[in-house]
Amino acid sequence: MHATLIGLALALAPGLPDAPESVATTNGVVVNGAAAPVFAIKATTVVVGDGNVLENGIVVIEGGRIRDVGVGLTLPEGTNLVEHDGVLTAGMVAPQSNLLPASERTDSTRPFLEGAELRFGFDPQTQACEQAAAAGITTAVLTPAASNVVGGLTAVVKTHGGKVVKGKAHLALSVNAAAANTDRYPTSYSGVIAELDARLGEGAEGVYAEARSGALPVLIAATTEADAQRAMALAKRHGLRGALLGARRVGEQQVESLRSSGLAVVFDSFGPGLGERSINAMLAVVEAGLPFAFELTDATRFRFDGAALVRAGADADTVWKAMTSGAAAIAGVGDRVGTLRRGLDADLLLWSGHPLDLTSVLEAVYVGGERVHGGDDQ
Amino acid sequence: MIVSTLAAACAAVLFSGPVAGPVIGGVATDDYINGVASDDQETKRSWTISADAIYTADGSVIENGFIRVQDGKIVAMGPGGPSGGDVIRVGAITPGLIDLSLRVAASWNTVEQGSEVTANMRMADAVDLFDEDWQRALRGGVTTALATPLDRNVIGGLGVALKTGGEPTIEARQVAADVVLRGCVGSLPSSGNRPAFQRPNSIFNRRPTTRMGVEWEARKAFYDAMVAAADESKSFPGAEQLQAAMAGELPFMVQAATTQDIRTTLFLKDEFGIPNLILDSAAEAWKEPQMVQRSGASVVLPPFTWDGRTDVDGAAMPWNTAAGLAELGVTFALSGHGSSEPDQRLSMQPLYAMRGGLDFDTALASVTRVPAEMIGISDRVGTLAIGKDADLCLWSGVPFEATSAVVGVMLEGDLVVDPRD
Amino acid sequence: MNHRTSRQAGIGSRLFTGIAFAAVATAPFAQADKLVIEAGRIIQNSGTEIENGVIVVEDGRIVAIGPAAEVEKPWDAPVVGGPELVAFPGFIEAHSNRGMDRPNENIDVAPFLDVRDSIDPINLYFEDCLRWGVTTINVQQGNDTVVAAKGRIVHPTGMTVEEMTVRPNYGLKLSAAPKRGNSRATQAQALRGAFGDLQRYLEDVVADARQGGDLARREALYQGRDMEGEKAKGRAMGGSTWKVDGLELIPRGAIDEQQEPLLELVEGRYDAFVWCGSPRDVHLAIDIATQNGFLDRTTLVLDSSCWKAADVIAAAGLDVILQGSQMDTETDPVTGEETETFVPGVFAEKGITFALSSENASSNSLWFQAARAVAHGLDRAAALDAVTTTPAAILGLGDQVGSLEVGKLADILLLSGDPLSSQSWVEHAFIEGNHVYDRSKDVRNKYIFEGQQPLGAGSASPQGVESVGVVEESNDDEDAEEK
């Protein structure tokens, strides 16, 4: 299924007519036709995403992928060069999202839906996807609602173009209050854990066996500290790897537990009104050097959550790395997106300044080498 | 965790200086110095606390004595002892209090209502260690508590004995998991259920809706477990725990407040030969005390109230209830039900019981040693002795007097409430 | 000595023969002209004690007190007490919202009402007061108000409110904390508005009188108010902050009854009890009292959190009554950690005169409050004062009650032990020399504390109980096994 989709997307690019030579300048950004098979972008600052920053770096894009990254690269004859006075980064990644409409994320028929695949509910034509792409979130994980104990198998998708990067990316679990529903079994945390233990324990089968072996990462919805404690204990018992979804308070008293669990945290979207206590707890996770990322609910606010942590004292480059390469690793597609590296998808963002400076403007977005937002089209 | 750097610095001076007290219990002075972290935020690992009286809760009192604590355990204790700047002096020391009916963190999500009998459900999986009530209980001197599922099931599952503070993981806090099988009779297990007249639209369209229904469910559970013991093909989740309760390996702890509910429970005990029964919230045990006495069941009393009305099923409990049970030799513990009212806390309950005629020693035991023995954790907590957990309740004066207060609390060697503040 | 022994043995019968016994608050008074109370220990006040003392009571007052050897006992007086008992002044509740059918009125400004009409003499609260040794109570309307009804000081005994009354028309309750439904600003406005209304009203009636009208007088006559004696006369307005000239033109009896208590307040002729539910309210309370000239006669009734305003209160020189828990708990919004502050300790340290109150719960009666204050570090004398002499002084009854002294009312408790011991009981209570409580006859006490049910309340006898074995026999159908 997803092979077909990828094929479709790849087929699109060469099908387009050659881009005109036209070079227009808007707000200091030089753009060209996006679909050229080989082109390059030179930016004042290139944030590679692995910790390196290149002054006047060049990224060469070919066939929708990154062919080369460096400084003073010799470009092949006739390569279009886009010169950008600003910052070039990889596209942002959301390891948890509400890109699927609520009706497609919630199945109230059974609490255990290990066979459900979220990608079958994916509709790339929705406004949510469009907004995400326009805001620079180029890759997102389709996650189910937390109301089922086992929510299904996630998928990693591009927010523009409908490409499914990875199906069956994670097994989505939930140990929070929503999973302990009051009107069907299980109604208790004990029941939730007992059922998960039974499925993930010795003799696990199918996707549970894959999760137990570590081959299939898990995303565990855990809202409160107590949920996080249960989730980490569960992961420890069964050797699960993956991430907690939600647990924004986990940093307050559980940093060491989190570290030893090996799990990452995907903070739920919080917005500007969040209390100092939660911010401090998240900051503790950042300062402990543990992997974290952010949930996508409202694309226009996604960047603000990262900026809020920076404002509270977190290192901006650390947070940005988490929003790109870090999040890609949590999503399980670190070898495809999140970093500017040869062979990875050319999902690129052109900024007027540092992306976590809220006065910076996102001037252009490329997905798979295709400019999907910004430039003279606006 | 409140440990001042200043205190730690003082400790370093004392133990390295010439005035260091005699080394008791075979612990080298160097160990104390090493254990003192004066420059960083590390927890101080050794303390010496002296008091006008140390009540060990196993019947003895050390007048003007001391306790030395290291790495979370009591390493030395006795009369006299060192004095000096570092030694903490208080009016009295008792073991940290133990509450078998604290009811902390008993949210709706702690009881599995998918069925009315869920003997295999573990509170250890459901308990919320981050509930602020833990902190309050700890500050009130309660260092160990039993957590059980919310009482909405006939048989709710397995309780877990936890320390009230410390690293917030089950491994770090549990004294022992699965220490009791929790049941409930009376009005609560049937309170959310309703009959389905037409099409059932909820899991709550079910039995039991009456007390007799509750009793029937309990009897059926034990009966099915007996059948399962004989024929493995008839086993079911929870059968093992019910069998363990009938074999006496697992105490069966049942909330039964009124006389009729106590009768029902004792009848179950008799019918299925359950050797180890704990009646929780048994407010009306005083009405038919001989019945309780003959049954051999032990009792956990709810908090005393000024008008005698308790919080479960409106059961009445006069203040001489504890004294009356003591007279008949019934084993009982007092409990605080996690009240946020400081005056309802467990540390105040012995005062009320004594106002009702109970003697001091029994009152002390009923909040320390006896509850520990009831759930089989007395090897670690409940009394003060070398090798036991350093869970201490520090008092300003004679415990359980209205003019005395809990001024300090130590949990596994950590001074969580510092009496010098 | 030997005849004391005989008295001790005969205490019950002597009480019966000497003075008519009243089991609880509702029993009628029996007037005893004379009475001798003996006690192994008499605690006159927090600083003075007498070993083996005697108190002689005549016409409801203490006429002599001292060591048994030194006090002459009237030959014709009945003798009560004994060497095992401790005599202590009755506790004084400085402020209570209990004993009324409903403590709060939904009218914002209601000083024309009187708690007399609300007090219920057979309310269990008054019975509890005797059981716990509270002999004088300042009953004020609840805190959910702006300006409340006139209060009243009562004894917890008597069949009618009049019998109970120590001082009628005493104290006006004001609240600086928002009444339910009010914002803080609305509450402040309502309080200020009440005095603004008073001023406008007074100006209007004076203007009317100056023009020859007698509106106020006709209104008063129409309402059937008393217009004789002093009430028929006018008097220039007193008070220290603001005045309305020409008030002498208006007979005092003609002043509208809604305004009259507030006028008394402004003239400094009435005591005010101002409730503050949080430290923010303290400023408003002091402000209103200052602007309207009754700061000198103001006592603040404080919730626990108000300790934070202690400096402001100290600067204003006000006395306070502490309501609510003695431990104030705050949660740090960042760390979530809770810190506790011992409230009476703060006031003691700042040198503010404070009275403890029962938190409006019988279980937290005054002996218990004082004991808990000692537990948390207050010294014993300060704790005892806060439930005896201090509330007496606050209520203007310092020369009447609060300690055991010659000339004061014979409001005396005989306790089984120290007043702050958790094992002590009120064995007997005397109010104005009348024996109003005897624990051995307290039916409700026997039920709550000793599990003895009153007659007709069903059997509680352990002897009437069948064994578990019998229950088993009756249950041989074994429905569980059939299943």
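The letters A, B and C name the chains in turn, as written, and every chain counts its residues from 1.
In this text, a residue touches a chain if its C-beta (ideal position, glycine included) is under 8 Å from a C-beta of that chain, and two chains touch if they have at least 3 such contacts.
Bear in mind that the values here come from a model prediction, so they are computed numbers and not experimental data.
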| item | value |
| --- | --- |
| Chain nearest the overall C-alpha centroid of the shown protein atoms | B |
| A-C or B-C, whichever has more C-beta pairs in contact | B-C |
| Chain located farthest away, centre of chain A as origin (C-alpha) | C |
| Chain A-chain B separation of Cα centroids, rounded to whole Å | 46 |
| Chain A and chain C: spacing of chain centres that average the CA atoms, whole Å | 67 |
| Between chain C and chain B, distance of the C-alpha-averaged centres to the nearest whole Å | 39 |
| Residues within chain A bordering two or more other chains | none |
| Interface hub residues of chain C, defined as touching at least two other chains | 336 |
| Chain B residues within the chain C interface of the complex | 132, 135-136, 139, 216, 219-220, 222-223, 263, 266-267, 269-271, 286-291, 294-295, 305-308, 318-321, 324, 341-343, 351, 354-356, 396-397, 400-405 |
| Interface residues, chain A side, partner chain B - complex | 177, 180, 182-194, 224-226, 229-230, 232-233, 253-254, 256-257 |
| Complex contacts: residues of chain C adjacent to chain B | 325, 327, 331, 336-338, 340, 361-364, 367-368, 371-372, 374-377, 380, 420-423, 447-452, 460, 462, 465-469, 471-472, 475, 479-481, 483 |
| Chain C residues touching chain A - in the complex, by the definition given at the top | 333-336 |
| Residues of chain A defined as touching chain C within the complex | 252, 275-277, 280 |
